[in-house]
């Protein structure tokens, strides 16, 4: 990406961080890549975690293919203070690597995932969760890498409920028209003692499936990984491919993407509002929010030709041009519906009482778990990749980041409403810059053979969506890593539910997080 | 709550009259393509088959086999050959047998 | 595994027969259970909107029910993830006869995912489908039409379409 | 047939049974023989009790005598008749229960000997016509019960439980002695019937003092809060039939003592005496059931439920006394009657439930509710029998518990007849507390039956439970008795009312039972119902839907599918309601009483979202032990330390003590 504001690593803190980390630092635009030997991984992680504004955005592994070693462990850090990303690469030989979650708890879910997919596990030897594979998944089960050597029951955390509590099973087939997900609600009969999730029911092996695809083919699956986050995830993926191929999308295409992204944010927040009303039994409020939602979806259809904005993002730009006339004609009315519903809701005490002090997350917890998006912002954590890691057109149209302090459901709701208003403003301004379709023309192959790796990001309606790809010489994907925001925020859901809540709060909390299972079990 | 009832009443009726009357918003929906047999040649058909990401298209001899069920109306084929494919505008696609969704479009085009 | 297997009808006749039965038995009140076998959540969103004011499926005599025991119709989305197959069968078995299965969306019809170690690439192999609703995702209107077809109140229109622009340019 | 000879026969039989047990209790045949004889004795006691009820108070018979305890005097009163009959019934059921429950052996022989002697002692208590006889019999009974509890003395908790029983029993004994001494001193006689006759000689204050002492003393045995702490300690450690005997009869002897003082020896008295008794009863009932709700151990649960029922009975008695103070003799007699009927009912189903608890413990090896489950499939007979007992003790129609509690409520609801607003309100409050108790009791026994018998087995032992070779006859007998006491209630009440005339001098018969099997609470203009017809009606109500279903069942093909579980992989036992979670709402609602201390251990705190074993404990604080008994015990230890120095063991020092004592005595005399 060529949109480098000067001065990444200009900050004093960062430069000595890098010198501390060691020799070979590669830089690609705003992304720094550091080679860290496995032996040095633990101190390096401590050093980075201590750095101001550093946030463990993702952890993933890849192997050279055909289950060969060494497996390469990559940690992606968002240096939100320094407007950049930092990737550490460590080759892991053997079965064990230094336990990351001891230092950065946010890494835990990925440690579990990496164990399932590549058979290597943290040295701490603490029990791991089952993430993507069903209980009966044997070594023959398809994986990104080698199957674990140890039998899973030696490694996975057993679920025993002891004493004066029992497990209330909920799912995977839950209410009507919601995704399949299993909750184990451990309850003492009144209050909620503990909660754990099984999401493997929906694991479709998308990353496994993307290997060997061309980026264009892959994009089709990426959009359908999380339908309610199609634009955000597709943008992140496309950006990663563009970084790998050194493509530069034309500005009007980026503007079109941005409009699609903000439209996606709008309808998601409307949908979340409707879900909140449903979970609090406010039927008419739900109807009002759903009217807004339906009208916003029709705006999408009118502007980009698809209710969920599939097919807008293309590798190297945008495949659809927004119908600006339709946008200016329909959006104000549709957003007006949402605004009216929201104003009415914010004056309904019976509604607000259910939201206040429900599902509280502290800023400390949000930081510890490296949460993103409205969930993090509702705890007072002002992180937003549109502002922290701007790509065009956000460079010249910076959003102002909505932040609340309370960290409860109400705070999340307020954040969403503020963001919705902000999105409408951005759409208006970006709409003036003449957005349109257009794909970057690849540089001539002789000069730059297709291949290499790249990191891409976008602020989806649920928060930072990350993608990382490695392309081989033929321009086919050897490893693609998708990290939608849902992956991060579901683990915050556990904590929020445990904080002094009763059964009936859980639907409310789930609605306020407005996550998808599809996003996390991809 | 009575206040909300009032709000609801004030909002008025938005419900569609479908199926009794046609629904205007239907024209906004993405719909599967319909093909122009006259311009479809074998290699054009093969190009279309190649761009289709959901394997909805296949060529069987001198016919383009179109699986409406598999089509996601992504519009790639229309982008590839606007002269040969255009939105059908059909959204009422429910079928009582999978076979009803498999269409054979004869390739009537003369190779250029 | 349909309730008609024994009568020796072909699948198509069987489902037609079934829809006549349903039209007779359930008249204008049909209860719907949805099942997500690995969708991308867009189909779920559209199904939720069926109950929203714009579409309001209750006016047509359709109702959502969370309990398969009370359901007459199963709306299945997603490509039938293998890990979920057991739960899907359980849900189907939990429904009383006669019952209709509606495959909803391109995934369920085998459009997006091909059969592979993770998914069956469509639900046809696992559940006896009576009605197929294409679309990615199918819009609420398409879903309404599908439901009405399922209970025999609208004709299977797509059967007679040829998707060729011959003569009749649209 | 005059009761005393029959009772004498029973006594002899029990003696013989004890002998058989002590000599050849180590063989199965010996145990069988012992139980046969003991059963005969029980039958005889039952007959004696019934005849005592029918023939009214017999005259006092003096049998032999000695310088030490004076003459041994016996009497069969109709008040004791109720308890006698109960003793007989329980003894018969126990005799049928023991042979399959106990393994032959030396210890068993000893135990059975002690048990039979305890039965004999209880008989003596009930037949005592004289203060000394009563006290001696009472103390003997207490000591024998102590040994009864000590069936397995090796275990620490057994010794502790038995000690709790003995200690409180002895404290109570002191109070009882004092009460009797007052009466004997004031009426110049030891003979109970004479004391009753000369009760007017006892002046008001002494009356009250004697009664209060008796209430406290017998309250220890009956298990009135806060004198109840021995029950939950002693019952779990005794063998099942032993705890059944303790709960079914021994606590009732305490009730008998209270009734003896309150109705036979010292009828009448200030209203507040009755109100106090009533209050004690109501508090006992409520606290008993609230503690029962949070027990995981079946026997501790049943013990607390006993406390609750004792509370109900005592409430009835207290209300009766209150009514008498306001001249409402009809209600006085009626509530006494209702209370006694509840004594009989509770004796039946509580014995049944304890015996079934023993069956469960033998079949599964545990008494912990949260380690049981699904027994209805494995132990159908036991589950049916227990169900009858549960319906009874939960006071659900049409069973006997409902009848007696209905009578008590109807009596309390007529508090307005006292004419005093304050008292009327107090009585209604007591009724309200009993109402709460009743509701909680249903809750508690839904839990007490549902958790072990329904659902899935929570442990392998529970899954492998089998009721073959488990005792069935005894509990079954008691179940029949429960049904009889329910359906035959009008008849029983008629007989009881007639018998109680000898105590109260009030004729209830025509009002209580105007024929056609209807029971009317003392005043015709208030209310009335017929237990018999209610039972018939309820059976019909249950039958009709069944018939309709059978008639209208669709003839078409039908499938049977497992319960809808949301599509989870497998249902696990940990996914069902457990005993403690079922009662969690009460812990939240009444946390002021429980002071629950919660501890949670889970893997999920750090690192984020890590799932794993979760352990949640919520322990209720044992308030009475901690804040009432512990200080007392401490005080005694402190006193003991104080007086230790004078025990030096030096002869000269003791000689000096003697000299000093003589000197003091001399001086005192001289002054």
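Miscellaneous remarks
Each chain gets a letter, A, B, C and D, in the order it is written, and its residues are counted from 1.
What we mean here is this: a contact is a pair of C-beta atoms (placed from the backbone, for glycine too) under 8 Å apart; a residue touches a chain by one contact, two chains touch by 3 or more.
As the structure is a prediction and not an experimental result, all values here were calculated from the model.
Within the contact network of the assembly, the step distance from chain A to chain B comes to 1. One finds 19 Å separating the Cα centroids of chain B and chain C. Each chain gets a centre from the mean of its Cα atoms; for chain C and chain D, those two points are 63 Å apart. One simple way to say how far apart two chains are is to compare their mean CA positions; for chain B and chain D this gives 80 Å. Each of residues 565, 567-569 in chain D touches at least two other chains.
For chain B, the set of residues that touch two or more other chains comprises 14, 25, 29, 54, 72, 74. In chain A, the residues touching two or more other chains are 134, 172-174, 180, 220, 287, 291, 307, 310. Every pair of chains meeting the contact definition is listed here: A-B, A-C, A-D, B-C, C-D.
Per the touch definition, chain C reaches chain B in the complex via residues 11-12, 15-16, 19, 53-56, 59, 106, 109-112, 114, 124, 129-136, 138-139, 141-142, 144-146, 148-150, 154, 156-159, 161-166, 170. Contact residues on chain A toward chain D in their complex (touch as defined above): 101-102, 105-109, 126-129, 134-135, 157-174, 180, 182, 184, 186-190, 193-194, 196, 368-369, 490-491, 494-495, 498.
Interface of chain D with chain C (complex): residues 559, 561, 564-565, 567-569. Taken together, the chain A residues at the contact with chain C in this complex read 133-134, 137, 141-142, 172-180, 200-205, 208-209, 220-221, 224-228, 230, 271, 274, 287, 290-291, 293-294, 297, 307-308, 310, 516-519. The touching residues of chain B, when paired with chain A in their complex, are 1, 3-5, 7-8, 11, 14, 25, 28-30, 53-54, 72, 74-75, 79.
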